[in-house]
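Each of the two complexes below includes chain A, the first together with chain B, the second together with chain C.
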Partner chain A sequence: MNWDWAFAWEIIPRLLDGLVVTVEITLAGSVIAMVLGLVIAIVRFSKVPVLSQVVGGLVQFIRGTPLLVQAFFLFYVFPSYGLTLPALTTGILAIGIHYSAYAAEVYRGGIESVPRGQWEAATALSLSVRRRWTGVVLPQAIRAVIPSLGNYVIAMFKDSAILAAITVVELLNTAQAIGSDSYRYIEPLTLAGLLYLLVSYPAARLIRGLEHRLAT
Partner chain B sequence: MSAIEPFLPFLLRGALVTLQVTLLGLALALVVAFVAGLGRLSSRRPLRWLAGGFIEVFRGTSVVVQLFWFFFALPFFGLQLQPLVAAVLALGLNGGAYAAEVVRGAVLAVPRGQGEAATALNMSGYTRLRRVILPQALPLMLPPFGNISVDLLKASALVSLVTVSDLTFRAQTVRSSTGETALVFALILVIYFVLALALALAFRMLELRARSDGRPTLARLFRLDALAGRSPSA
Partner chain C sequence: MPPSFAGEAPQSDPPPETAREAIVRFRGVDKRFGEHHVLRELDLDVGAGEKVSIIGPSGSGKTTILRMLMTLERPDKGAIDVNGKPLWQMDRGGKRVVADERHLRAARREIGMVFQQFNLFPHMSVLRNVVEAPIHVLGMGKEEANARARDLLGMVGLEDHVDKRPAQLSGGQQQRVAIARACALRPKVMLFDEVTSALDPELVGEVLGVVRELAEHTDMTMLLVTHEMRFAADISDRVLMFDQGAIIEEGPPTVVLQAPQHERTKRFLKAVLEH
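Now for the complex of A and B:
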């Protein structure tokens, strides 16, 4: 074992740059997943003929297949239809869509946990469909699922490392690049792992705390 | 389809490698799960901390980081792993860390009185675990284990990045020699999905057999929740 402290110090700024990109991917991907997931959940819950089934099948398919292969699919297939996006954009789309399938299930649980009486009251007040969702159901449904969504955000943060495979220069890819430049992998990869841990562990603790607070 | 037809046997052999990596990883994960899960419940503090530290580290970083670490960084300790070994190790330890929490939760879910009764009957710690606690805890573990096995299958695609010739790796080969990008990746997505369904089904069958009232009827079998994947907080 030959850990080189000087080298480790030297590469920390580059790794932190990579971490920033990882966080950016997580945030942008989360926005896509939260919004698209909500749309999917509402479509499925509303039981629109054909559409609901198709969306439901698609959700199952996305959850039953690897993110890496989905990312490759978008990465190679977009350009063959003349749509050339930067790797980072493709990666954000891939991870956002992947996690929207998970978020949709979380929302569905939240929507189903809203008591029937709430729906009936909204109907009795003859609220429009829009108001029924935005004024009555969703505020209660979403509050209940915030911790679960938070856990998926952390999962996205960790899974964003997969996007290194489609040349996105995030934390893991940066560590990998330092390794192949210097022929020293132990410092960059270990530090990268620690950086992931340093963010995800406190975040997970925070959400555990939030769970307790919302539960009371 | 015709352009990639000659490559179908090649891809299917890749699917076998994928299945092999997944099952070996699952086997290791189960061993790790019981060791770390029971370790975390141990009355000895150092053991509890060791197990807890292992679980948090392996759940706090992603499996691809662990895989790369085993493959690229371990040689610096003078330990050069075969790609397949690094792959199974990363999948098994990562899956095992998640599964350890399942073991812990299931053991804690067995009513306290059961353990106390076993102690009152003068059973040794090991007998108590084997004859009283685990038989009641195991059925609770099966559904989450099903989720974890599907997660392992999906994570196994990452081993292509360390040159294991699995389904994804071979899809890349076929892509570069035929240029049939969309077709190849769509095809292997379907293969992964079928494998995931098969795994979920297998665990569902085990689950139904473990339940005293359960006969694995078709209607029960095909209520597949396992594709939901593990909840990341599990």
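Now for the complex of A and C:
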């Protein structure tokens, strides 16, 4: 099978539509992962009886099972309990929750890197528990982990391809659909790969730059 | 007249007979860290406005006294009262129960602490370090908090550094910011935990100068853990010599520091002064 430039040129708009969906999944999933991950990290760090252990167990469960299994579960099992969501929403939830478990670990490292004296000074100033977190500890903890979180965003961007398996029409699924319509796979899959690279490579460079800036 | 903190101090009624009423009271306070018995059944009264220096070898439990008062460390046994109210207990439904966070937080407002390692918030400007508590604890407006913080920073000689980050300051300057920050809530009791121990020798003077200023011009009660004997002699009403979790000697600085009775105190002072 030879490379057909005209065909490649013709399918680019459709692939770009797929890429837009992939980016949407990544952004929405990142918001879920970053927020939920932070909540998990704070709950675990605060050692709330029972709750912290339950959350810890959930994190172990999420990290110990494949994203694809979790996505299938949300997509096929939840509807039988009356919860039917569009494929895209299901996919965003799956990937967001999955990565929240990893983000939580990253935040934990950041929180633990804040010296005990910072907590003590905040306590001595009579700040509320909430203000100790939001005013003193988290700004320092999060700054320290921004590059690590960024790397997970890139990993999410690539992992979003898994959601093709639950019929989300993102970049990979689009490429596959073009292939099965036209019986030509080499152009759509190659271009899809290039599009992934086109986004993830500059993003990775950006994060490395950020790492440097935050280190000084 | 030198700049003074007098206007900043909480106004308590100062007739001489009540001035010595205990504002801080330890009764039978005991604390262990694992095998290490850091405080042994400590009884201690500190009068309102009194300046008390605590000296002694490291690991003798001096700092633990301050940390318990600041609610950073919980006593295993015994009671601590501040301003006549139990610090670590509270009344609920007529019963005395372990204090909750709310009770502790209210109690902390009466107490300020300056740490050996300054513990300034590195992500905030000098000014924001000082306004943090007035804004978020007292609910003070930003304008007023800023103005007051500038006054406080002026008194510690740092009015030109308000917009800098702590990392841009020397250790001595950072510690002076920390003192201004601790004063911002106008605490009745101020705790100084070896505030010059982390400083280069040439920066010690500027920090002690500020502490001395506070001691001389406010009616704040002060507890200082220090290794600066001459300074302790100058500003203290009373000196406590601590060893192995207990006060082994106490009295006015002229006695404890210049004519100690206890053998252990003599040895300690000799070692410190020869250093």
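The definition used in the following text is that the second predicted complex is superposed on the first by the 215 of 216 C-alpha atoms of A that agree within 3 Å, B and C clash if a C-alpha of one lies under 4 Å from a C-alpha of the other, contacts with A are read in each partner's own complex, and residues count from 1 in each chain.
In this text, contacts are C-beta pairs under 8 Å (C-beta built on N, C-alpha and C of every residue); 3 or more make two chains touch, one makes a residue touch a chain.
What you see is a predicted model; the values in this text were computed from it and never measured.
With chain A as the common reference, chain B sits beside chain C without any clash. Contact with chain B, but none with chain C, is seen for A:Ala164 once the two complexes are overlaid on the shared chain. Touch criterion not met for A:Trp9: it reaches neither chain B nor chain C. Of the two partner chains, chain C is the only one that A:Leu125 touches; chain B does not reach it.
Once the two complexes are laid over each other on the shared chain, residue contacts for A:Ser80 go to chain B alone; chain C is not touched. Contacts of A:Leu67 after superposition on the shared chain: chain B is touched, whereas chain C is not. For chain A, the partner with contacts to more residues, out of chain B and chain C, is B.
In the superposed pair of complexes, A:Gly179 makes contact with chain B only, with no contact to chain C. No C-alpha atom of chain B lies closer than 22 Å to any C-alpha atom of chain C in the overlay. Those residues of chain C that touch chain A in the shared complex are 70-72, 101, 105, 108-109, 111-113, 115, 117, 119-123, 132-133, 136-137, 178, 181-182, 185. The touching residues of chain B, when paired with chain A in their complex, are 56-57, 60-62, 64-66, 68-69, 72-73, 75-77, 150, 153-158, 160-161, 168, 171-172, 175, 181-182, 185-186, 188-189, 192-193, 196-197, 227-229, 231-233.
Here chain A touches chain B in the complex through residues 1-2, 60-61, 63-70, 72-73, 76-77, 80, 102, 105, 147-148, 151-152, 154-155, 158-159, 161-162, 164-165, 172, 175-176, 179, 184-186, 189-190, 192-193, 196-197, 200-201, 204, 207-208, 211, going by the rule given at the top. Chain A contributes residues 115, 117-118, 120-129, 131, 135-136, 139-140, 143 to its touches with chain C in the complex.
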